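Naming follows writing order (A, B, C and D), and every chain is counted from residue 1.
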C-alpha cells in the first residue's frame, strides 16, 4: 500500500541527487508543486525525463537541478519556447545540459517497455530523420517472421516518477481522469513513485474515463491541492493561461527568473 | 463511419468462407448471436481465432464451420471441457481441426501487434514450455541493447473480428464497459469488424470504465439485444449459468448436439 | 479423514493459509479461486486478487462463476484490458503469488494442462490448454499449486510441459531466464509438498490429519521423497469451515 | 493583399479547405489546430480531429490552448493514453491527414523543428524538438504543412531532418519503409506548393490573390519551380472569415 506523506517528506524520501526523475503529465495534471519542492530541497545532478518538458522543467533546469534531459518536445505549450532550456543548451547556463532526444512515439514506447518489464520496445519510428545520428540508443531490429526492419528503443526505468492526480483514497489508490497521457506507464516503469493529489478522500467514486493506480503499485501519495497550477486538474481547476503567457517574459531574463524562483518557490512553504 | 446493418446482413457482408475470424470476448460480452448467424449462413473453412474459445466456438466447431483454431485456452468457463472441441481434436468429428496453440500472454500481444501495425510482438513468455515445439510461429529475438533473449510472436490480423458491446450511437460509435478483455485490440487488428450491441441509442452517455471505439474504426454495427446470451452484458443481463452447466451434457453427445443446433440455431430467425 | 470436513475442504483451507495478507495473488479459476477468496474472508482481508480478465484487487462477496464474472469487475480497484494485465502487471514481476491448478504435475513441479496420452496432434485427452498459466508460472514471485493427489495427476513425467516448475532440476529456471521463484508449495487433498532446497524435487513436508505417508506415496507416480520433519497440518478451524461453506453455498447464485 | 483579410487568414482558410469532411486528421497545435477547427466549423462538420494527447474525435467549440486542453477531452469520442494514440491509431495508418507546422522546410518537404545553426550540440537556436511529428509525417495517409513562407524557413537544406518529407527525392519514402504518402501540400501565407509527381520537388501551384510569383521566389531559399497552370486561390468568403475570427476571439477564454 502507498504511504500517505507530506509533499516535503515524499520528495525528501524518494528523490535523490543524481536520480533519473520523470515528472510526467501531458499539459494536464503537471506536478508543479512537486517540482517546486524539488527545487526547494536543492536536488542536483538529476537526469530529468519527460515527453513534454514544459514550464516546470524550465524552472528545474534554470534552478540548476538538472544535468541531463531525456525528452521529445521541449516547449511552453501553446505559447512558444522555453528560455531556460534554450539558455542551458545554447549557453550552458546555469550549467551544461546534456540532451537525449527522441520522438513522442519513441518516448511513449520506452515507458511502455519499462512498465512491461521488457528491455526494449519496437516501433515504426525515427526512420530517415536525423535523430539517430545524435541519439545513441535508437537501433534497428529485424522482424523474425517477415524480415522487415523496424526501430528499437530501450526501456525507460526512472529511479522515481512523480505525477499529479485528482484523488487518492486512504489506502493510496490513485484516481485520475481527463487527459492522462503516459502517467500510468511512467509510474509503473519507475522503481519508486510519488503521486500528488488534489485531495485524499474516503472512497473513490468511479468517474468516466478514469485511470486507477492501485495503492500497492505506488510508493507514496501526498495531498497537494492546486499542485498542478498553473496547469489544470480536470474537475478541480482550469489552466492559468496568463501564467504560461507571462512565463515567456519572466524566463527570458536570467535575473528576473532567479528573482521569480526566490520569491515564488524558495520563500514559499511546501504545501501540506 | 460504421454502417448500421441487421445481423444477417452484417454476417453476410463481412464473414466469408475461408476467412480468419475472431469472435472475441472474455467470459463477458461473448458474441453468441453473431456466432449463431454464422452457423445459420453455413460458413465453412473458417480459421477461428480467440484467446478463450468457449461454448460459442464449441458450437461453431461442432456445426462444421471451422478448419483451424488459433487459441490459448479452450474450455467451458467455470464448468469444464468443451466436448465438441475435444471430439474434433481427438476424433476429427465433424472434420479435422488444425490447432495453433499459444498462451494468453502470447495471443494478447499478437492482437496488440496487429492493432499497432507491427509485424510482431515481444514478450517474456513460452520459455521452457512445450508450446514452441508444436506451434511454429514462436521465435526468439535478441534485445539490441542488452543482448537478452526474449520471445517474439507474429501479429494477428483477422480478416474480420466480431465482438458484442453494450451500446452504439447512430454514427456507429461503440461503447462497452465492465470486463472488456482484448476486444479493442481484436477489432483494431482486423481488416473488417462487426459489432453487435444490446441497443443503438441517440447519445452515448459516459460510463465509468468504458471503452469507446469510434465509428470510423468499425466496419458495421448490428443491434442484437440479448446477443451475448448465455454470457452476459454488464448493465443489461446476467450470465445464464444453467446454460453453461447444461451445455456439458448437450455437447457430450453428437446427436444431441446436432438436434440442439437444429432446434435452437437453424430454426431460429436472425435477430433484428 | 474426519467426518467433520472433507479432504477437499482440508486442501482448500491449507491453501488459503498459505496466502499472506497484503500479497498480490494471480488467481486461476476453480480451486485456486475458492482458496484465495477464503483467505480474503479470513486471515488475509487485504489480499489483492488479480484475475486474468483484467480485474485488479477484486473483492467478490461470493465465489465468481468464472475469471470473467461481473462481480470481479464490479468490486475491483481497477479493471484493465487483458493485454495490460499480462504486460504491465504480470510480466514485470508485480504479482507476489501465482495460484494454479494442474491436470498433471511432475516431481519438479512442471504442470500440464494441454494434452494427455497419445501424440500432441492426436491425444487421448485434449485439455483446455495454457491460458495464462505459462507466464503466471514464469513471472510471479512464487507459485502455489493446488491439486488433488493421485497417480493420474502426480506423474513421473508430464505429457506436455504447459507451465514450467523447476524444469529438470536446480538452475533450470535461471538458465531459462524465468524471473519468478517457481513453485513454493503444492497443496493436495493429502498433504503438502515443497521443493527440496538442494534438488528442487517436490518433497512431502506435511500431511493432513489422518493421512499416512503410505497413502501419499501410493498416490504419487514417482518415488516420493519425504521430509525428515514431517508435520501434520492443523485441521480446519470451525471458523474456516463456516466461511468456506458459506462461500461454496454462493456458487451459482447471484 | 486586400485590406479585408490578412495573409495569415488567407493561409488558414486555404489550409482548412484542404480537409475533406469525414477524414481523420492528426492535428498539431497552433496554425494547424486553427485551420482544422475552421474546417470543422465550415465545410467539414464530420472531420475527425485527433490530438496527440489522446483525444480522438475532439469537437471543441473554441480554439484549444494546447494539445492537452481540457475541452479536447470533454468533447472527444474517446480519450486514450498517449502510447495508445501513437501505437493503435497513428502507427497503423488509420489517420488520413497529418497536419504539421515547420520551423524550416526544404524543397522535398523535409521538416526541421529541432535546431537551427551551429552544431546539434551547440546550436544557434534550440527549438522544441520532434514531438509527434516524425511519426505523423511517416504514417498518415498524407501530410499537409502550414507554414509562413520566408527565406529563414524555406531553405535549400534543413539544418536537421526532424520529420521526413520526400527525403532526397523520388523513391526515398519507399526505401525508408515509410508507409504514409508524404506531404501532399504546403500552404503558406503566399500560396500553395505541391510536390511534382516526377521529382517530388515542391512546386508553386497556387498563389493567394494579389501575390506574385516574384514574391514567392523571393521568399524561397531554393530555385522555386512554378507550375505551368498557376491558379489563384479564391479569397476567403465572408462566412469563412466570420467563423475564423469568431474562433480566434475564443483564444484565452474558457
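Note that contacts are C-beta pairs under 8 Å (C-beta built on N, C-alpha and C of every residue); 3 or more make two chains touch, one makes a residue touch a chain.
If you want to know which protein each chain is, UniProt gives these names: A, B = CoA transferase subunit A; C, D = CoA-transferase subunit beta.
A quick note: this is a predicted structure, and the numbers were derived from the prediction, not measured.
The minimal number of chain-to-chain contact steps leading from chain B (CoA transferase subunit A) to chain D (CoA-transferase subunit beta) is 1. Of the two chain pairs considered here, A-C and B-C, the higher C-beta contact count falls to B-C. Each chain gets one centre point, the mean of its Cα atoms, and the points for chain A (CoA transferase subunit A) and chain B (CoA transferase subunit A) are 39 Å apart.
Put simply, the C-alpha centre of chain A (CoA transferase subunit A) and that of chain D (CoA-transferase subunit beta) have 28 angstrom between them. Annotation for chain C (CoA-transferase subunit beta): residues 87, 91, 139, 179 touch two or more other chains. Along chain A (CoA transferase subunit A), residues 112, 117-118, 123-124, 148, 184-185, 209, 211 each make contact with two or more other chains.
Interfaces, counted as pairs of touching chains, are A-B, A-C, A-D, B-C, B-D.
If you check the complex, the residues on chain C (CoA-transferase subunit beta) that touch chain A (CoA transferase subunit A) are 22, 24, 46, 48, 56-57, 77-78, 87-88, 91-94, 139, 179.
Residue ranges on chain A (CoA transferase subunit A) touching chain C (CoA-transferase subunit beta), taken from their complex, read 1, 112, 115-118, 173, 184-185, 188, 211-217. The touching residues of chain D (CoA-transferase subunit beta), when paired with chain A (CoA transferase subunit A) in their complex, are 29, 52-55, 64-70, 72-74, 79, 81-83, 86-87, 90-91, 114, 120-135, 138-139, 160-164, 167, 172-173, 176-179, 252, 254. Residue ranges on chain A (CoA transferase subunit A) touching chain B (CoA transferase subunit A), taken from their complex, read 117-124, 137, 139-141, 143-146, 148, 150, 152, 154, 206-210.
Residue ranges on chain A (CoA transferase subunit A) touching chain D (CoA-transferase subunit beta), taken from their complex, read 26-28, 51-52, 71-75, 77-78, 81-82, 85-86, 89-90, 99, 101-105, 108-109, 111-112, 123-131, 133-134, 148-149, 178-182, 184-185, 209, 211, 232, 234, 238-239, 241, 244-245.
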